[in-house]
Each structure stands twice: as C-alpha cells, then as structure tokens.
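Read from first to last, the chains carry the letters A, B, C and D; within each, the first residue is number 1.
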C-alpha cells in the first residue's frame, strides 16, 4: 500500500519537477549557449570574445538577459498588435513543449510517450507559426520576406529531416525515446554508424530547420536586416532568441537520441572500455583545474574569487559524478550511475552537436534561396528516401537472410553513397547549366 | 473525472474557435483560430487514446496544411478584403439550411442515443499501442486505399504546381 | 540595352502592384549597403525586376569646397572621399596638381608613394574581401582580413601619424621623410602575406557555397563594362586588360614588374579572383620597391604658394576601386577654378541596375559588395 | 471514473460540422470557405475516432488518416486555385467567381 502511494507520488512529482527544471533552466542554458557560441566564434576568428562581465565573460548571459528585460518593448504603430504581441510566445511554447518527451538520462524525462519522437518533431514544428505570424504582423517587408522564407524552408527541410528520422526509427522499431536508446544498446552500435547517410541528412536538415547558418536565410542579416525579428525589440526579441536556441537543443537532442546513442556511454557494451566511466569526473576535474590556474590571472579580485568558486563547483560535480563508481555507493543506490552518467553523456553529446552547428556557421557563407530549395528538394529528400530504402534492405538482409550487421549495413551504406554521389554529380551538372539565373 | 475535464475543455475550445473561424473579418485571425480548433481536436484525439492520430493531426494538419494556408494568406495582399462585406447576399438562407442540417443531425443523435444501444465502450487497453495497431491495419487490410491515397497526393501535388505556376 | 529597361520610376510609387510584387526599400540604413546607399527594389517574390539607386546621403560638396581652398588646403579633403583608400586619393590629387604645375616629385618620393599606395590597395582589398564575405554570410574572413589590414594601418601610422585619413603626400613630394624601419616593416608585412591570401582563398575559393553564390551572379560582359565606363577590377574581371599603372604609368610603376590579372566571365566570382590576385601583385610591387629606395630629397621644386599657370589638366590613377581621375582647371590664382573628380565607385555603380535584374535579393547584396563601392566617394 | 458517452463526441462533431457548413455557405472570402471545409472534415474525424474507440478497432483511425490526406490534397489544390484566381481577378470573393472563362 505504502509502496503504491510512493509510486503514485513519484509518477506525479518526477515529471512535474522535471518540467519545472526545464522551464526554469532552459533560458539560462540558452544564454550560456549564446556565450559558448560567442566564445567559439571568437576562437575561430582570432579574438577573445566577451571578457568583461565576470571572468572570461562568464556572467555575460545574465547581463544580456537583464539588459533585454529592461529594454523598451516597441510595438510598431501599423502592426497587428494582438498577433505581434503573442507570436513570440508561440515559438517559445512550442520549443519548450517539445522538450517534454525527450529523455535526458534514464531519470530525467517528463513523459515517455508512445509516439515520443514524433511528438518532439511535430510540436517543435509548430514553432514556425510564431515566426510566420510575427513576421506578418510586423507589417514590414523585411519581416514578411523573412517569414515567407522561414515557412518555405521549414516545410521543405522538415520532409528531409522526417525521412532521415524514419530511417533511424526503422532500425529501432519504436517511437518511444527510451526504447530507441535501448535498441541502440541492443544493437551494440549507435545508429549513426548503422545509417551514416541518414545521420548526415539529419544534420543538414536540422541546421536548416533551426535557421542556422549556412541556412540562416530567414534572418540573414546582410539581406533582410534581421528577417522576421526586424521589428521586435527587448523582451519579445529575447523570446525569439530563446526559442531559436531551445530549438537547437531540441534538434540536438533528437539527433543524440536517435543517432548518437542517447545517454549511452561510448562503447557501452564493451567492458574493455569501462575506464571511460572515469571520463566525466576527469573532465570536470580538468575544467576545475583550469579555473584554478586562471584564477590568479584575473584583473579584479572579485573575478578571481568567482573563478575559484567555479573551480570548486567543477570539483564538486566531479565528486558527484565519481560517487557512483565507489562500490559502496552503487550498492546503496544502484540507479545512481545510469542516472547521473547518462545525463552527463547525453548533455555532452548535445553540446558537441551544437558545437558542430557553430563550427559550420563560422566556416560557410550563406546559401541563396533558390540554392537552398534545390539542395533540399533535389538532393536531401531523394537521398533520405533512398536511405530509408537502404535501411529496409539492410534489415531484410540481416533478419531474413541472416547476414551480419557489418556486411548488411556496409553494403547498403555503400549503395546509398553511390546514389548520393550520383545526385551530387547531377546537381553539379545542373549548376553548370544554371550559370545565369536571371532572365532579363 | 480528469477525462471529463479534458474532454469538455477541448470541446469548448474547439467550438469557440470554430465559431471565431467563420465570423472573423481578418483572414489571418481566422487561420489562427482554425489552428486552435485543430489543436483542440488533437487534444480530443489524445483523450480518446488515439496517440498516433493526435500526432498526425499536429504534424500534418496544424504543422503542414495550416502553414500552407498562412503562407498563401501572407502572399496575397488582403488589405482590401478587410473592408468588404463579409457575408454573401443569401447568407440568411445558407444559415437557415445549415441550421436545419444541424438540427437534423441533433435529432439523429438523440434518436440514436435512446433507440440504438451503443453498448459499453471497449476498454482503453484494446487500442494500445495505437501506432503499431494503425500501422498493421493500414498496411494489411487497407493497403489498396493507402496506395490510392498516395496517388491522390501525387495528383494534388502536380495540380497545385500547375495551378500556381505563372508560366509553365 | 537602355531601351530594354523597365522604367522603374513609373512603378515605384504605384500602390497596387501585381499579386506577388512588392517594393522593398533597402537602405539608407541597412547592414549591407556599405554606408548610406539606398536602393529601391521592385520585387516579384524575391526576384528583382527593377531597381533605383538613391544616392547623395553623404554628399558634402567636396568639389565645390575645392574652389574656395588653396591647392594645399584642399589635399586633406580628398582623403575623405574614399576613406578606405585615402592614400590613393591623395596620390591622384597631388600628381594632378604637379602635372598642372609642371613640377615633378623626386625619385625617392615617387618610390615611397608607390609603396604606400600599393599597401593601401592591399588594405582596401582586404576590407572589401572581409565585408563582401560577410555580406554573403561568411563571418570569419572579416576578422582575418582586418588583422592584416591592421598591420598596414600601423605602417601608415608610423609614417604619418594617421591611420585612416592619412594625408601622407604633399604636392611636389612627401610630407614627411620615411622613418628608419619602413623597409623592414613593409618586408615584415609582405613576406608572409601571400600565405595569408592563400588562407583566405582556402576559406572561400573552392567553397561550394561561395562558388554557388558568386558564379554567374552580376555578369558584366566586356562590352557592357566598357559601355558603362566601368574601371578597375570590375572592368578587368570582364576580360579587359586595362590598368592605368601599365597604360600610363605614374609614380614609379614603370620600374616594376607586375601582372594585370583579368577574368573571363565578368561575374562576381571573377571579380573576387581578380582582386585576390591583385593583392598578390601589389605585394610583389612592394617587395620590389623596398629593395631599392633611392636616396635624395623628398620634395621637388615647388614654391610655398602654389600658383599654377592658367589651364586645365586631367590626371587619372588606378585606385583600388578603379580609375580615379582629377580634372582641374586653373585660372592662375592660388585656388582652383573648378575641380571635377571622377570617382570609380560612382561610375561602377551605374552598372548596378543592369547587373541585378533577374537576380534574387540575396544577389543584390552580393553585387553591391562586389562593386566595392564606398559611399563617401559616390556622393563626395 | 465513468466513460464519456459516445453521444457527446457525436454532438461535438455535429456542432463543428454545422459551424463549418455555415461558414461555407455564408462567407464570401474563398480562403475562409476553404478553412470551413477543413473544419467540417475535422468534425468528421472526431466521429470516426470516437466510433473507433467504441468498437475497439483501428479502422476509424485509418479512415481519419485518409481524411487528413484528403484534406492536405484539397488544401494544396484549393490554395493553388486561389492563387491563380487572385492573380487574374485581384479579388478573393467567392461570389465574384461567376465566369467560366476570362
């Protein structure tokens, strides 16, 4: 009886607490992703990036958030006021709602839905209404063009991303995020290696879906000033920003769940690699040590103290992450290790995926609209369909003909790559024909 | 109890938004309320344990079709239509006929409730998990309609391209 | 050509446009119009079907000011036209007045002028490359370019104390004697610079997206380029081998060996390649020049008060953006009777409408960038 | 916890269907007419899913999926027609579509 009550309380409260954590922490996370982006950008461009607020600019996101909160919220005279007012909320709500079905470690999940992954994809796609309506209601040509571009781009790349996801789902045989990760554990390999082409298609499509460079046409600064956000300022603008970065986290989480093994450690099934269990603690210790190393070099004493505090926090995190490795603790709480380490690996993978986004952003120029559409419709969508067929073939070979994993998936990946090369070649040829796009 | 609250909430939301869809002057606002109505319907699907249909409704209807609608509305400069008469000349006749239709349906439902025994609803577990079930039925018994539907989509796609293209 | 153009003005203020036609006002405050250029675009969807450039937001009446200043007093004003390449502007003006006076700068001054002007060309092209790449969406090259430009500006600062509007030359020679380590500084900059250019090229030249964004965009055939009076890299990218440094050598260019890079298609990509190559050639000129800077005076024989004989003169130089010409009429007083400046940016901008028609909004930005206009020079 | 009776769903479907019908027959704006049709299709879906729940089979879901497919096709073609219409006549009013050809 008591156990039942306990389970009921757990079943109600854990999702609630998780939801609260997501809503409360996500803005902060988004802010720090922005900081990370600026730091990565600075690093790639031979600069330092934000260095003023807090040591190494660690408090910059908070300062930015405060500034945005107290900025004037300008609503243009000719705007459709009601829609202008609530459009950013749609984007933010959709992005945050999508987080609810994601499993960040075996402990941390709001709801393990039957249709989990589809839910994430579908709900996050609703965020487009925020962009489209915001762009339309601003009553400005730049905003309208940005909104139109955004809608067209999302609809086009959603298809490719969806087909890429279907490839992964074929392998997993389920839609539940939890079971997908379990399936990868059973396969003994991440789906990124079983379906590399699908993973590639998903990377490209997810960049396009989140409006990141080189597909950032809806907010292309040099063309449309700020696209659909041109007329927004202050807090509402910050909401769009929050939605964009939350969406990045969402697509990174989908990729992590479906292709990168979710919360699984690399080589989760191989005991020879068990030393990787120490990696989380070692990484935290290394970061902490770097903080201590930098602390005396800070210009102001407060900053030094802050740096030391961050270092101590890192060491604390290292201790917490190391705790499950002690036999006594793991006997007492057997779920501790998968819970904590799972969350660590998941977040690490999400972070690396977002880093990839940033890397691409600072390397590539921007696509033009017709090129973007051509890439989506003539390359990615056919490729993703071929990828689905290839995975189906591999599964048939594996299940019915008794082929091993490696030959079956190797063969089909090879076939898919041949098709990809052919598609790329065909497009290249078309490019040569299209030297002059204009007519006049 | 929770079931009831969820159902009546979504039902009320759907009806109110539906009324606003047909009465609003501004097409964009109509579209927004249509999205609300569709999402409320999706909520009712969820309450009926039709998870797969719920997500299909969200992705396809709300996410796909309505994006198309909003896209077209934004493409078309509609400042003019704001100041036009919104209802056609025979609106009273149409309204009357539609209401008669509604009354007929109501009567049919009322008669059905009292005279036909619907029996007790199947247990919720009979439909779980809905994704697999729908998939199985769709790809076995309804294979041919499924293929026909895909051809329909192809035809519609070609048709839409032909319609909307300026010069073919 | 001209008769094919849709008259834009009749449509610009038309309120009822076709189903998908809108008028988009780009600028004068827009991130990528490089200053205060205003472009009214008539769009069909995103395709440009007409355009109108509105200029003059930065007009300061430079030519009129010249009529009320003595020849020396006017020299600093020309630095404010193409503020990205102030040294070249100064060179053109000084040489034009020297021609009017019949004077000549001493060899040492001419060599140092050449070095500084070529450095300025590199700086101007670097700035162009950074902003052009930024317009097309590549964020990173800008910072690498500015890093190198900074080195050049430091040399200028050491030479004359100013970084941007240098006023480095003087009519008849140089304002200042070169500082002791000028050769070393220039060498230190130039020696590794070709590697740096390779670095930029590795980011862009082979990049599929960059090639896709620039190839076939804003084509100007050689005939059109000549008809529009285009000059500089815009002209050379169309395949016309015309460079005033070779054709009518000024300063000390006749002493040095260098190539004139030309393009074939006259599209944005070719202009990019031409400018990249020009940077390499400028580096070679600098390296040749610092090997042998002749000793001697830095000022020629011009008086304290300049009173050119009545007459007129046109002198053009190859500025980074194209042919920069000064047409000066003297009435024998200390002030010019009339100064007319042929700014390459303005003339190159004439071809803008021709180049963008039929392209998309994104290409407009690329084409503004590839023309390498400086609004200070367009509006004067 | 009592089940919600099926008649409630049917009634909801009826109300939405009637509202949709009213929209179709009274409004002049073709886009709103198209949206009203979507509303009617949607009302049918509610009925189908409710019946499916009642009999405990997935057939209703399958039909609902077909209807959604149909709605997608209809929206694509309908909006295509609207764009073509608007391009030619510069109006969105359904009752001005009174010529077979122009």
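Just so it is clear, contacts are C-beta pairs under 8 Å (C-beta built on N, C-alpha and C of every residue); 3 or more make two chains touch, one makes a residue touch a chain.
As the structure is a computational prediction, the values presented were derived from the model and not from experiment.
Colleague: Which chain is most remote from chain B in terms of Cα centres?
Modeller: So the farthest one, by centre of C-alpha atoms, is C.
Colleague: Across the interfaces B-D and A-B, which one involves more C-beta pairs in contact?
Modeller: More C-beta contacts join the chains of B-D.
Colleague: By C-alpha centroid distance to the whole-protein centroid, which chain wins?
Modeller: Chain closest to the assembly's C-alpha mean: A.
Colleague: Measuring from the mean C-alpha position of chain B to the mean C-alpha position of chain D, what distance in angstrom results?
Modeller: 6
Colleague: Could you tell me the distance, in whole angstrom, between the mean C-alpha positions of chain A and chain B?
Modeller: About 32 Å, centre to centre.
Colleague: Between chain C and chain D, what is the separation of their C-alpha centroids in Å?
Modeller: Chain C and chain D have C-alpha centres separated by 62 Å.
Colleague: Compute the distance, rounded to whole Å, between the mean C-alpha positions of chain A and chain D.
Modeller: Roughly 36 Å separates the two chain centres.
Colleague: Give the residues of chain B that touch two or more other chains, as numbers and ranges in rising order.
Modeller: Correct list: 52, 64, 68, 75-76, 130.
Colleague: Do you know which chain A residues sit against two or more other chains?
Modeller: 144
Colleague: Mind pulling the chain C residues that touch 2 or more other chains?
Modeller: Residues 19 of chain C each touch two or more of the other chains.
Colleague: Please name which positions on chain B make contact with chain A in the complex.
Modeller: 26, 28-29, 32, 35, 51-52, 54-55, 58-59, 62-64, 66-68, 70-71, 74-75, 128-131
Colleague: Which positions of chain B touch chain D when the two form their complex?
Modeller: 1-4, 7, 11, 14-15, 18-19, 21-22, 27, 30-31, 34, 37-38, 41, 44-45, 48-50, 52-53, 56-57, 60-61, 64-65, 68-69, 72-73, 75-76, 78, 80-81, 84-91, 93-95, 97-99, 101-102, 105-106, 109, 112-113, 118-123, 126-127, 130, 133-134, 136-138, 141-142, 145, 149, 152-153, 155-157, 159-164, 166
Colleague: Spell out the residues on chain D that touch chain B in their complex, using ranges where they run on.
Modeller: 1, 3-12, 14-23, 25-29, 31-32, 34-36, 38-39, 42, 45-46, 49-50, 52-59, 61-62, 64-66, 68-77, 79-84, 86-87, 91-95
Colleague: In the complex formed with chain C, which residues of chain A make contact?
Modeller: Per the stated touch rule, the residues are 41, 44-47, 141-142, 144-145, 149, 213-214, 216-217, 220-225, 361-371, 431, 434-440.
Colleague: State the interface residues of chain A toward chain B in the complex, per the touch definition above.
Modeller: My answer: residues 80, 83, 113-115, 118-119, 121-123, 125-126, 128-129, 132-133, 135-137, 144, 147-148, 151-152, 154-155, 158, 175.
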